[in-house]
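I'd like to ask you about the structure that follows.
Chain lettering (A, B, C, D, E and F) follows the sequence in which the chains are written, and residue indices restart at 1 in each chain.
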Amino acid sequence: MPDIPSIKRPPKRLIEGILAIGAATASATLAHMGIRCAFMTGPTAWTRGRAMAGPALTLQFMPRREDLYDEGQYKDVEKQLHRHVLYQVKAGDVVVIDARGDMRSGIFGEMMMTYFKGRGGAGVVVDGCLRDFPHVGQLGVPLWIRGVTPNFHTQTDLMPFAVNVPIACGGVTVIPGDIIVADDDGSVVVPVKLAEQVIKDASVHHEWEEFSRERLEQGGELRRYYPLSDAARPEYEAWLKKKGKKA
Amino acid sequence: MPDIPSIKRPPKRLIEGILAIGAATASATLAHMGIRCAFMTGPTAWTRGRAMAGPALTLQFMPRREDLYDEGQYKDVEKQLHRHVLYQVKAGDVVVIDARGDMRSGIFGEMMMTYFKGRGGAGVVVDGCLRDFPHVGQLGVPLWIRGVTPNFHTQTDLMPFAVNVPIACGGVTVIPGDIIVADDDGSVVVPVKLAEQVIKDASVHHEWEEFSRERLEQGGELRRYYPLSDAARPEYEAWLKKKGKKA
Amino acid sequence: MPDIPSIKRPPKRLIEGILAIGAATASATLAHMGIRCAFMTGPTAWTRGRAMAGPALTLQFMPRREDLYDEGQYKDVEKQLHRHVLYQVKAGDVVVIDARGDMRSGIFGEMMMTYFKGRGGAGVVVDGCLRDFPHVGQLGVPLWIRGVTPNFHTQTDLMPFAVNVPIACGGVTVIPGDIIVADDDGSVVVPVKLAEQVIKDASVHHEWEEFSRERLEQGGELRRYYPLSDAARPEYEAWLKKKGKKA
Amino acid sequence: MPDIPSIKRPPKRLIEGILAIGAATASATLAHMGIRCAFMTGPTAWTRGRAMAGPALTLQFMPRREDLYDEGQYKDVEKQLHRHVLYQVKAGDVVVIDARGDMRSGIFGEMMMTYFKGRGGAGVVVDGCLRDFPHVGQLGVPLWIRGVTPNFHTQTDLMPFAVNVPIACGGVTVIPGDIIVADDDGSVVVPVKLAEQVIKDASVHHEWEEFSRERLEQGGELRRYYPLSDAARPEYEAWLKKKGKKA
Amino acid sequence: MPDIPSIKRPPKRLIEGILAIGAATASATLAHMGIRCAFMTGPTAWTRGRAMAGPALTLQFMPRREDLYDEGQYKDVEKQLHRHVLYQVKAGDVVVIDARGDMRSGIFGEMMMTYFKGRGGAGVVVDGCLRDFPHVGQLGVPLWIRGVTPNFHTQTDLMPFAVNVPIACGGVTVIPGDIIVADDDGSVVVPVKLAEQVIKDASVHHEWEEFSRERLEQGGELRRYYPLSDAARPEYEAWLKKKGKKA
Amino acid sequence: MPDIPSIKRPPKRLIEGILAIGAATASATLAHMGIRCAFMTGPTAWTRGRAMAGPALTLQFMPRREDLYDEGQYKDVEKQLHRHVLYQVKAGDVVVIDARGDMRSGIFGEMMMTYFKGRGGAGVVVDGCLRDFPHVGQLGVPLWIRGVTPNFHTQTDLMPFAVNVPIACGGVTVIPGDIIVADDDGSVVVPVKLAEQVIKDASVHHEWEEFSRERLEQGGELRRYYPLSDAARPEYEAWLKKKGKKA
């Protein structure tokens, strides 16, 4: 039986802070901190409207080599590494899979995803495909994937190779335990040691945004309202007063 | 007028058997029988939630060569090969089209697809695009396509070349009369002579799957319930009894 | 402050005429007039069911060169060219953006798109991505884009370079002021000087189409009803009479 | 044993005429005759400096389907279709192969290419790869290919499917018997029925080209010498006289 | 006749300084100055062993739109923009062409390239193809291109659109007058205003490199000789003395 | 300083046996033993005519993440992992590098490659690029690479991540210590434990090949001479006798 390293999960407070920020703000804030692209390009939101954040468990696929992996002799289910990443799942965890962008290998099907749901997993990011989507799509598990296929994961060119090791997913290096945040914009990796700072920097929001959004929607001038110009500040303050708010 | 070969349609029983199995099980079963990839990669489900199975009528496009095909002189509609594949459609048939993955050529528009619907066609698979989707999308015909375009099919680089000949669609060779099965996972080719065996092999299902799915959804252990372990068998039998079922 | 050329907007009558035709008929009619492919390949309808037409304002991105563009020094918002294309927006305008097909740069986010909506913009076509889709998607602005990303537009490889200059978008040259028409089939460029002729040519429709569609849907023969055969003409005339219509 | 259609070879005079013109002039002349692109994009000259022309024998590969093709049972060499295209080779013939752009399947190796050479074949065009290039490259047979690989042709995803049928090679439809002309610019398909006209149109060359080339190489003005301007005609005539030539 | 802006040529000293450095050092030095990627990816050295540097003249192609460009009416050669970029060529100039990576359009043929050679042009970089390579390849003009084709430049999807405007070539923005340096590594854009600094920074070379290279070639330890370790310094000084050199 | 695992080198006899076979025979023999594709697709022979075999040292690159890798702080050369793979090189070793197919990152330049040569390395395979090719190309080290670039390896999107770990290179999994064999056909991975069998299976050659090759080159019939037919056996035996050889 393979010996799988476990991950260190970040404090819930960090997870919640990052989730509240969302993928767009997380990515932009990280960029200003020097992380040029924390966005995993390729996997897209297949469960529109869902958002999630959580620590990454990782599963790595490699090009199949028949002397290293023989699906036909794959009798002992405990040898199947894609099961082992699921064994690690605790409530709130995110499974991130480097399936090498393969569009002909379906990593998990209905039973595996049902187990993931039962364990309280937060969501799944695959640089590749799931299978059995007529059933998997009904489970309500948030998914960021490249697509779906009826093929199973070792049917063509891949083999599962390692669990909870650093992987490349969608062009980003993911370290087990990194915080993943995802919504309709896609999925973003937040390094644990930067999470606190990301939350802090992102909280410096503009208190006038609600006012500006309202004015812009009414056809107000971009130059006047976004960012809030000095000329519009009295108008904003009147608006605040009317709303019974304080600047 | 072109002389189009007709196809031999498999018995309805086979079609229904394959449809009941679905694309994922068909593909996996074929893989265990030695057909490495029967899944047509590229065309995806544009009518989410629909499934179909039926014998393949085929239409082949080739790179346009103006000495062989002149759209301007294309006055005699009977010379248009894309019409001829439709002339062959009987209730339950599937039209499979090699449009060479072209994203700028729309194979059928509203009137052609309305006729297809009127003839009782089961569905359409195109390694390429349809056009007039604002109307075609309303018809309710199940579609597996790469995308849509406003262009008509001979506007850019293609010409229709042959009907009911072997084609390559989505990286799979399709022989006229093969059974196509498709759902949200995508579309799969089942060779007629293997269909009986596919149905038989796929029927060896695990009688405990319903029980295991229920337990997994409740957070049960993957090792215990999938596949069903000896340790969990008494629990399964108690569950069966309670349900008034027999193992 | 950059000096942005304005565009000449075509008469409303032309815009409405082109909108009534739709993308598929516009593209096919232009093809018959010698414009081989007016369809912008790449951006797809992300707001299914929406249609729009309007004159093009254009925004060009170029590969980022740090000596020409330094996001860190990008303090003066008036220097940001993506704002300037929005400053030009009048009711009914379409913004068309060459973002070089980049999947890691989000051109506009919520505030910019809210302003666009407030100005009465007709829609946006991007050969690339938007960001902040959890909010942008709620605005109801018609969108033809390649995808979404949490990254902002200068985070990776692009820089905004010019406004209201000729651009290439989705493989088609777009001149500022060209009429853009888009629906679920995608977006099409109609050169202003050809618009009148496109509308005229497209109006030569077949008065029997409604009849033929009805018959095809009932399973009628394609050869008989589309195009309407001489044999079916009496039947068509009877149908007309019954409907109280005149041929 | 497969029944292979033979081809009708064009008169030697046409082959020689087309060869004398070369690929660039053939392609440009065909374009002016309405054949937009007769150039096979993808295969490039691997035997730099060689040129050839000859009638096309064709070999078509299709995606491998194990129920239709089993390499393991491929004992009877007479069933191997890639042999059969070679059986057809007469002196001066060109073998054109649709290997689907596959970079992991080597169509012919040393022994097959030695036979091709022995039969006097003019050259080979493959939309894909050859194998055993350390030996094949020594044979001196003119080659237009995408690359080389150590794999044999049925090792991964392809199977030979038909000989002397119409194929698509490098984005161009090739009909058996078409004239192929190739040099360092690449390979071009000349439809037999247009060959006479191509030769005729291409012969209308500019008698002043040698003069102009000489002047341009000396730094002469493009406007003056190419095309030859009226102002430069006296100079040209003096040059002619000096050379002892006549205009 | 089009009105073509001319370029400002940098002092010869800068050109020579950059040429002496070579593409690899220029690119690395620019990277350390903040220009992340000045290397034009795509065009490769087709004239192995040649190097060049010079100011950029630019030619921009755009997707062909038949209402804006009609090759058939292209009678007046003075309207042909690809001629106009050549009219601008002075000794030592580099022509850089955005041909949109198109592999089916040959920008220049023999006569144009002969003129370029006659004018003393330093070399040509094309994000696309040349044609007539059997002759063009004989001229000895240094070339960085994606490939060759027999097609002429407006035969398929492109039209020449502007001369001496900013272009994107190989993923890099090129401003007319920028210094281009190219060798077997590829071609690099050096912004004129940074050229002086690039030359200066690159001149801080390691005086021990010749010694270290010699030792490494003899099997010396990387740790000891590159960079030169303190331990190896006496050995280096002895070597210097023996060579009659001074540190 | 990183702790780098060393590799177990196979006996020289195996290396020599595999080298004698060459890439084409190694790949084909492995295929018959069940290893579907041992060929690394992508890297091609840049030193035409060279062949090599040797045990693999591996270097893995990953997508650059600035919190994990900061080129600016990369002062301590001992931290540079691409140096460490070279520290491991013994005579006859092959360095295999997963550079993620990146065309803008040059893994090694002149000094590193000089050291590699000095250590007696057999050759280098890179799924990516080298830099400084004007010098590196002069060293005479056998190279299988995707291309060259002036950029250094961490200039754009990559960072070195691990040495002597399993990597994917050109679509094949490479385990440190695997035997790499490469020639003009490309590079192939031979698993050590299969090497003996590969050599044995490949030695079952056809003693009549030399005779057949001679006959085929003279225009002999493929059916008669390859494979050698019973009808041609007497001729072969006469040829043998004449050559003074024994069957």
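To be clear about the criterion, a contact is a pair of C-beta atoms (placed from the backbone, for glycine too) under 8 Å apart; a residue touches a chain by one contact, two chains touch by 3 or more.
Since the model is a prediction, treat every value here as computed from it, not as a measurement.
Chemist: Looking at the contacts, which chains touch subunit B and subunit D alike?
Modeler: Of all the chains present, none is in contact with both subunit B and subunit D.
Chemist: Show me the overlap between the contact partners of subunit A and those of subunit E.
Modeler: C, F
Chemist: Among the chain pairs D-F, B-D or A-C, which one reproduces the interface of C-E, with more than half of its contact pairs identical by residue number?
Modeler: B-D
Chemist: If you average the CA coordinates per chain, which chain's centre is most distant from that of subunit C?
Modeler: So the chain farthest away from subunit C turns out to be F.
Chemist: Between E-F and A-F, which chain pair shares more contacting C-beta pairs?
Modeler: E-F
Chemist: Whole-Å distance, subunit C centre to subunit F centre, using C-alpha means?
Modeler: So the centre of subunit C lies 50 Å away from the centre of subunit F.
Chemist: As a quick test, compute the distance in whole Å between the mean CA positions of subunit B and subunit C.
Modeler: Measuring from centre to centre gives 32 Å for this pair.
Chemist: How many angstrom between the C-alpha centroids of subunit F and subunit B?
Modeler: A distance of 41 Å separates the two centres.
Chemist: Which residues does subunit B have that touch at least 2 chains other than itself?
Modeler: 36
Chemist: What chain pairs are in touch here?
Modeler: The list of touching pairs comes to A-B, A-C, A-F, B-C, B-D, C-E, D-E, D-F, E-F.
Chemist: So in the complex, the part of subunit B that touches subunit D is made up of which residues?
Modeler: Of all residues in subunit B, those touching subunit D are 34-36, 38, 62-68, 100, 157, 159, 161, 166, 168, 171-173, 175, 189, 191, 193-194.
Chemist: Where on subunit D does subunit E make contact in their complex?
Modeler: It is residues 22-28, 31, 36-37, 39, 41, 44, 49, 51, 183-186, 188, 209, 212-213, 215-220, 222-223, 226-227 of subunit D that touch subunit E.
Chemist: Tell me, which parts of subunit E touch subunit D in their complex?
Modeler: Going through subunit E, the ones touching subunit D are 77-78, 83, 86-87, 103-104, 106, 109-112, 114-115, 117-120, 131-134, 137, 147-152, 155-156.
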